[in-house]
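Read from first to last, the chains carry the letters A, B, C and D; within each, the first residue is number 1.
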């Protein structure tokens, strides 16, 4: 297990899908930040299941409690304990899967690694684990917004074969994004995506998708060469989200098809007196360090592994078996992944801010 | 700076492109492994510049010396000091770039982060930094091969718009791959790639590419949920290599276009008595843990930033300037990146092996 | 803040003295250990206040709840969330100290470091913080006892100027030690210690003391040179307990007065076929690594800083002031420190066990 | 192995006593510090053997080379590679000890832990390992002196049963201390100590001693609760030095004999406008955080284990044997430990400075 992220702003999460609670401890939060549950709840609410037809009907209020680290509405500089009780536990749904590891799910690998696995749901591999991250990341978002005006905005840029147009240069708001239940701000594409997810759900299948994320108002100089380059830690953070299969920053895989003379981002003096670049194929980083341009990246999510459709597979013992998953499952995780990607970005960013600040000694 | 990678098999690199030496310390290497410079040199030699027309003509022998940690041909279990002297220093080549940060290079961001930068070459952001990693990773490769028969093989699967056919199911050897100077085992594609790189170099431009890497004979159960998932640490390792812009594992971004019923990898009993999968869209990992199937991933490299072509850009002070880089530069980094990707994979793998082994207590 | 201890068996504590809860997350606990609250509660109960006249009358049941990481009575290998609610909160007791930092307490330094401090009690510097450690350490004790038969026994060996006789070679039990409320198994000395603490309490003063701890049945080979030597990490763990001022292992400061020919521990073959030593001035470690002999060490605790006696001191602003602390305070912390020292020892030991085990790869 | 110390100012040492070189990498050193070998050499020279009759006659110049991280006399902010070649290798001296582990030396425990040990000398457990620390710590000392005027001064306060008078309130200089070959600034005691060490050496025995160290001009607020309290990390650092058996800060073990009303350090406004304390039983720390008063601590060193006197002991196989160590050994390590204790203190201090500075974000 390695349930801790961060060097100075350290987040340690805990909790299984069907235990008593999930949550996190945040160690290293600066003191004297105004903070209450109200600062944290909105992103948890955006993440929670049961918001629309696009998501699992599992119903959890996901109300966060701050156990420690805050007094009189201000952070003390001590560890912030965050807890969300689990409420809607239906372990019965999962019993029939006890002897048949779900294809492409963590049942098999957890069993092999730990010699056991949670008797119901995904246990620790469940998406419920991300609650602790989102709660912690909401704190990071608040600090970044107050100190630097940082805005972090993710949206669904593709579902299956339906692609939204490139909106990474538009100043999107969370309100715009949330105005569609699929969280795609390209209305035409959104309609088709909703149609696709609905049809997919109806035939008990699932479908993948891609999120695009833009972070603006980023201090120059963040990122720690060599192994903790900005893009390296961001990639780790994104690939630590369940169901992710790929990460690319700036030009990404398309950049590998370009010539240097096309790809290089020339410098120019910006109106605000900052030396910036005229293009942003770099996605806001050069040599592993932020250059002040927006951070732009994409994350690929596979289709959820748990589907109701019959699958020919095998028991743990190697006997052929057909699995039809019961229970409540997301047909497509990308809308609910939006606040997860945003808050994980904030965790990476704030940790770099704190790591950079000591250089002023 | 964060020049250390790994939790138990820890590698700390040091050295600038034009200083006295580059190298690494490996802390946590198991004791009693037979080891000499001869085990390390081959991958360093594959990495070194000046091997062919495809690479920079900078000529370095890159001979490694073991300073500590080995006695009578065996590891002591103590830190292994690794050193490679820098020989061919030509700082003069870089003087004219002193006041003009190279577009898409680390000149600007290092200057902003550190308030200085190496007076010549890329300093710490130079590809020479990877020597320490390759030397350390060669040790990891040896241990993995001896203990598990692990084979790690990377090759060039695209350069610019030229794609090799998918060879990830073929048991490729390093000899096959090295038989082409572009390190692409698809001969037809290789010929076109070489032509493209040659033409690109001749017009003083550069071009990007993609590496594919397959690691076989992987113990089941490697990878540490939550934040140190197998794919998360692999992504961090790959995005820490200079010039990388993307990482995908298994189905990757293409997987985001699929349905669950297509994407899921059903289980079946294998001939060797291991429960395996009939397909490998997962790329060898599920829930962040290796499942015993081959690890398959791809890494996107942008075109090198330093090009001889004239570029309109700006000085540090914001005045328009035209830059034509002198010096010796790779027109395409992917052939030399092959041993870097392989050895970085070995570093990630062996660290996971050591982290998993303690569960047997 | 650095509220995490351990490399592989990682404990992160949270909680202030007068917040909602205190507790810990344990990450890295091996899977498939039988575990329930009943395994943890006894050491918490030994640590809790209000046990006798020797301790603060603050009354807390200190019942622990396991929030995660255990299912069907077995550890999952996932983070174990541990929580103890705070019950008896009387912030009013502390108001008069708001402007006068208690001499030798953390009021002043927390204020200077964090720009704030908990409005009541010691906040994070309170002894209540140790609840999370004791709960986590009780898990470590259980694993060590089951795997190796390890016994860890601490007792009060001095209070003020009253010294117990050296009992470090006697096989003391916790029952023996707890049979005296001062937790000193030398009955004659215990009686005098109790008398001294009672008199000290009655005149609103406090007094210091020393604990001796012996850990038996220790695997050979634990401890990680160079910086994580066995005695180095043990010293860190002990000096991280509130009110500690000194640590010595084996011969300790007395050993500095000896000659090598007296101090050296000669080897001999033991009855059980283990190469051991005839004396144990080393205290069970040589070169930072356990040698199989009992670990023997002592920890010095200063007199508690919060006393009812009038003290001439100064306000934060530098004005002379007389402070008479109200509230409920321990006149002597050493009896309650016994389970803290024992469980902290277990945390250090088990982490070393896990760190050593990987060498078998 | 755990050869790395520090969270932000990270030092990783390498090297055995009889290999090619010893040294360290310093990662996290701030950029733009003026630095050359001349800043580092003095403390290495104070540490080197062969300085006087008090130390081993092994003769090493111990000249340090900076391999990386410095350009044009300034730090780059990148890892600083430090190397000292081993010169005077006489492995033959040790051959007869091959089958007889030296009593109270690391021969036995290294063999048991690693399944091997360096064929000659102490290998990694040798005092030569401290060269890397001293070199790195000399850099830390320079930064602390320039930024805060910090002065760190250690001296020999006892050898065997000979105690110097308490000089911890006197502003001692390194010149004063070095004016005696035993490095005790109490001239009367120094003479007796030299006599004792000479007599001890002549009869092929060894003797222990105690160092006292005072660090002045310390910023308020250093130290990271909970587990990285100032005194906890200092204790770890000191107990990581070979041959140490005890650590105490401020009142230390004597403080455990006091009453709170005696021990508490009352506050008062100092002439320089800082709120300080009238006494310093706390030794400069409260609640694990520096309070601005001098840091005062003592470290106990056992007598060196390798002695020429005949010792009755056992072979690895358990057969009785008599060992008379050949080779060149220190009869008393404390004079040479002075620069080690000072530089280790600097490493702990500077790391805390960097860890605290980020709170200003």
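One rule holds for everything that comes next: a residue touches a chain if its C-beta (ideal position, glycine included) is under 8 Å from a C-beta of that chain, and two chains touch if they have at least 3 such contacts.
This is a predicted model, so every value here is computed, not measured.
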Copy pair subunit B, subunit D: interface residue numbering same or different (half cut): same
Which listed pair, B-D, C-D or A-B, duplicates the contacts of A-C in over half of its pairs: B-D
CA centroid of subunit B to CA centroid of subunit D, Å: 39
Inter-chain centre distance, subunit A versus subunit B - centres from mean C-alpha coordinates, in Å: 26
Residue numbers of subunit D (touch at least two other chains): 1-4, 7, 13, 31, 77-78, 113-114, 124, 225, 355, 359
Complex interface listing, subunit C residues touching subunit A: 1-4, 10, 12-16, 19-23, 25, 27-28, 31-32, 65-69, 71-72, 74, 76-81, 83, 113-119, 123-124
Residue ranges of subunit C in contact with subunit D within the complex: 1-5, 7, 13, 101, 103-106, 108-110, 112-114, 122, 124-125, 129, 158, 160-161, 200, 205-210, 220-221, 223-229, 231-240, 242, 244-253, 255-269, 275, 277, 281-283, 285-291, 298, 300-307, 309, 311-314, 316, 318, 320, 356, 359
